[in-house]
Amino acid sequence: MNVGFIGLGIMGSRMAANLIRSGFRLRVHNRTQEKAHGLAAEWCESPANAARKADVLFTMLSTPEAVQETAFGERGFLPALVEDAVWVDSSTVHPSFSRHMAGECRKRGIHFLDAPVAGSKGPAETGDLVFLVGGDAAVVERCAPLFEAMGKAHRHFGANGAGTSIKMVVNLLLGHAMAGFAEGLALGESLGISRSTLLEVLLGAPVTAPFLQAKRSKVENDAYEADFPLQWMHKDLHLAALTAYEQGLALPGLQAVKEIFAMARRRGLGEKDFSAVCRLLQETRR
Amino acid sequence: MNVGFIGLGIMGSRMAANLIRSGFRLRVHNRTQEKAHGLAAEWCESPANAARKADVLFTMLSTPEAVQETAFGERGFLPALVEDAVWVDSSTVHPSFSRHMAGECRKRGIHFLDAPVAGSKGPAETGDLVFLVGGDAAVVERCAPLFEAMGKAHRHFGANGAGTSIKMVVNLLLGHAMAGFAEGLALGESLGISRSTLLEVLLGAPVTAPFLQAKRSKVENDAYEADFPLQWMHKDLHLAALTAYEQGLALPGLQAVKEIFAMARRRGLGEKDFSAVCRLLQETRR
Amino acid sequence: MNVGFIGLGIMGSRMAANLIRSGFRLRVHNRTQEKAHGLAAEWCESPANAARKADVLFTMLSTPEAVQETAFGERGFLPALVEDAVWVDSSTVHPSFSRHMAGECRKRGIHFLDAPVAGSKGPAETGDLVFLVGGDAAVVERCAPLFEAMGKAHRHFGANGAGTSIKMVVNLLLGHAMAGFAEGLALGESLGISRSTLLEVLLGAPVTAPFLQAKRSKVENDAYEADFPLQWMHKDLHLAALTAYEQGLALPGLQAVKEIFAMARRRGLGEKDFSAVCRLLQETRR
Amino acid sequence: MNVGFIGLGIMGSRMAANLIRSGFRLRVHNRTQEKAHGLAAEWCESPANAARKADVLFTMLSTPEAVQETAFGERGFLPALVEDAVWVDSSTVHPSFSRHMAGECRKRGIHFLDAPVAGSKGPAETGDLVFLVGGDAAVVERCAPLFEAMGKAHRHFGANGAGTSIKMVVNLLLGHAMAGFAEGLALGESLGISRSTLLEVLLGAPVTAPFLQAKRSKVENDAYEADFPLQWMHKDLHLAALTAYEQGLALPGLQAVKEIFAMARRRGLGEKDFSAVCRLLQETRR
């Protein structure tokens, strides 16, 4: 099976490495070539090149705009894919975008899966991602060995867009939980309870999401090296807000949480871990 | 030890029953007498009466205003407490109120503990509450047998107000998590993912607070019998917002979440469980 | 001068009529033909047809998506415009979209102006619109007679996108002011001040935007016939939120106001005037 | 007529001076004596002293807590007022507080008016305030000469609390309009429209509240000398939020606007004019 892989960032580089480790021959492309240096894969000068001979093409890009440009821009990959090939988009985008891409593929006789992942840097490295998949069952089946090389599970949630939908809900919950925790921490500390007491009482308790435990040392040390950069969480909440508009929903909590991340980004925290909202809400200048 | 107990609502009645079960002799008062009917305790016509001979007086009331009125109003309990008595307020109030009460007690030679509880109807019944306590260590020690009769643990967090502070942070997190979950559910369902799939995927996952699992059947059946009434959550978030103002904090997420509960209350859901915000966000009228 | 006009809704039909009244020969297109019935203009079966011979083509459409589809979709107008023609987009869109359209035109040797209007149904009818224009000064000059036929003024704010930018700020202020007024009214009435007293005291006062006076009878009679439909205000606030994201701004007030309009739309008020948020905030069901 | 006056801040000192100018003999008290130095009035060491012989006592204090303490604290004024005296509270408080004070007065045979003012430093100086009055018509009549000495009008809106209610609505609208304007300005500037163009286009236009014109030079020069300090606007929005809770209203716009002022205060802008939110939303640190 010929596999193409486009997008070698924090996530993509680790996922590609796991594919190689499992014996797949990869042809890869990235906006900047140096990200491909460590990989035992064939470098391709353009998205189109990476797609040319692929049975399955994976994309792991940062935004819908990046996917759009890489697919349809100059030397984009979509016209280069052969009929009956599969494009698996693991980028975190929004459901209407995934559905639109599915439609573009259908016109060209190409199969499409939306397959964003649950899990960040760590699980990408160890092959413990979970793929959240939307698309035809038979196509999912065909890609199963690839998912297995990169993740511990893949779940099929329905037609195209369903994978992206689940991922969007998951990230909305992550953002909400992180912002809520930051507010609770700020309130508690302002009332004289120490940060260490608050962390000890709250983390692992029924009222806090378990993923927050992994943020403990970052918060304790006020040192927010990025596992999941704040600016991508901000982007995901933006896409959720955009989707809520498309769906005719009012989600006022989401909007407020999104603006907390927007403020954090304005305060220079965009490339820190998204748990850095804990710093934002403490900040004062008198 | 003579124990007084004022406030026999959902929580107080169960806590008083556990004290009796442990062999304490109780003198009780409630705004309406019928709540005392099942209890093997001496009924007192007024707060003052319940306080008169008490070594320790517990109050479990709904709002700071109710505590204020019961303590200082006509036949209020505070003037009736004897010197060296202990007043333990387990009501969910705000820290500045607890500190103010502590000051009023100090003037009169009375000891004060703020000791709100973690846990709602179920743990109150089974004696599995956790008391979150602020006040003098020696006084906490004195009340330990009482806490043990009603709860599985009591934790001492510092001077007066510390117990109330922790409780406030816990309830802020509860409200945030509940509203966030409701928004995630609404978004997911609008995108065509079934409620049962969403509950199955999200509950118990790292992104959701564990307490949400106990809400599963309510959400599944859209039937929100109250364990913790929505109107009290709204009140607690109101007190948190008031406290944020006192502390000079900006907590925009809290404010948005509070208004979600306010809207739910306006839509007639105040006496339902606070998980009924899941219904609010689904609602449409065309 | 051959003039094309695409989009004959509430605004477009009145603007086209004013062009005809001033002696311009018009070739028009609309998604549904019946909107063109009253106009002394040549009907064109497709956007492309309306554009074919045009020296200047006006579009007055509801959303960026509608503009995109009408320009680039099947029988879209952009490929049909001749070199050196001018496309004037009076639709309310977002600045990055206007700039993108300008770029698409530039590639094809076509001139582009973004020229949304200040003023709704009444001024459209009486020719009292104000055009807020972005683009090359010479092109603005060329179109001046057309602007004068439909409006009382046109203002040139700079390069492409500047007209759309000003319009976006204006509509953000409209939405903020309307929602703020609705909240003030709800608060005042809840406190026992009559609606008529509130309207008398507040409208025309220094604290309220003058446009609100035109909403008086709607609010008094709780009858919100649309001058400017609520769903378009919601759309404009959505585009403002999207633009704030693109610009890296945090605008938490805008987000909250947007969700008020989202809720109103969910409650069935989308086709009412945007002042119908006054009804939303009064609503209770017990 | 013997007049007492308590509270000689920015507003009170100017109001007292106007009473003296109109020939009233004043006995005054303030927390710090130096504020009374310029006034031809009799200094009183305590609130009680200022109230002792008063036919009418005015209070102009900053918060409900300050009024409460001055009335009921040590050497407070309320017990010192004689029967049939009038207490006029011009402080900006919340309606339920005004009603509570009215009740306390009634018990003691004292008359009460809530009479906050529309207008800040300038109108206080020139006697152009407008008194917004709640209470008995006959009592309002009795105080008319005093209102006339300090203001250009007084309006009677109904029973006690009505004056405070109107004032609260007015300040909610002020806060909303100011925050909305600041957001519009931030959005416009981010899009490349100059501040001076935005001010020129927007101020005086139908979409902006007329009071904003008086903020022009502050915003132009980014120099926010206080006419109405931001921290008092924050307080007033806090009281409005508290009142919305009491009234069972959901006002999500108000909550978001309140937090904008909270953030501005945290950023050190509390003693600046409330128009300084225009600076907050521009601020970035990278």
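The chains carry the letters A, B, C and D, assigned in the order they are written, with residues numbered from 1 in each.
In this text, a contact is a pair of C-beta atoms (placed from the backbone, for glycine too) under 8 Å apart; a residue touches a chain by one contact, two chains touch by 3 or more.
These numbers were taken from a predicted model, which means no experiment stands behind them.
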Intersection of the contact lists for chain B and chain C: A, D
Chain whose mean Cα position lies farthest from chain B: C
Whole-Å separation of chain centres (CA-atom averages), chain A against chain B: 39
Whole-Å separation of chain centres (CA-atom averages), chain B against chain D: 36
Contacts with two or more other chains, residues of chain C listed in rising order: 244, 248-252, 255-256, 259, 263, 266, 284
Chain A - residues contacting chain C, complex: 238, 241-242, 244-245, 248-252, 255-256, 258-259, 262-263, 265-266
Chain A-facing residues of chain D, complex: 252, 256, 263, 266-268, 283-286
Residues of chain C touching chain D in the complex: 95, 155, 157-158, 161-162, 165-166, 168-170, 172-174, 176-177, 179-181, 183-188, 190-193, 197-198, 201-202, 205-211, 240, 243-244, 247-257, 259-260, 281, 284
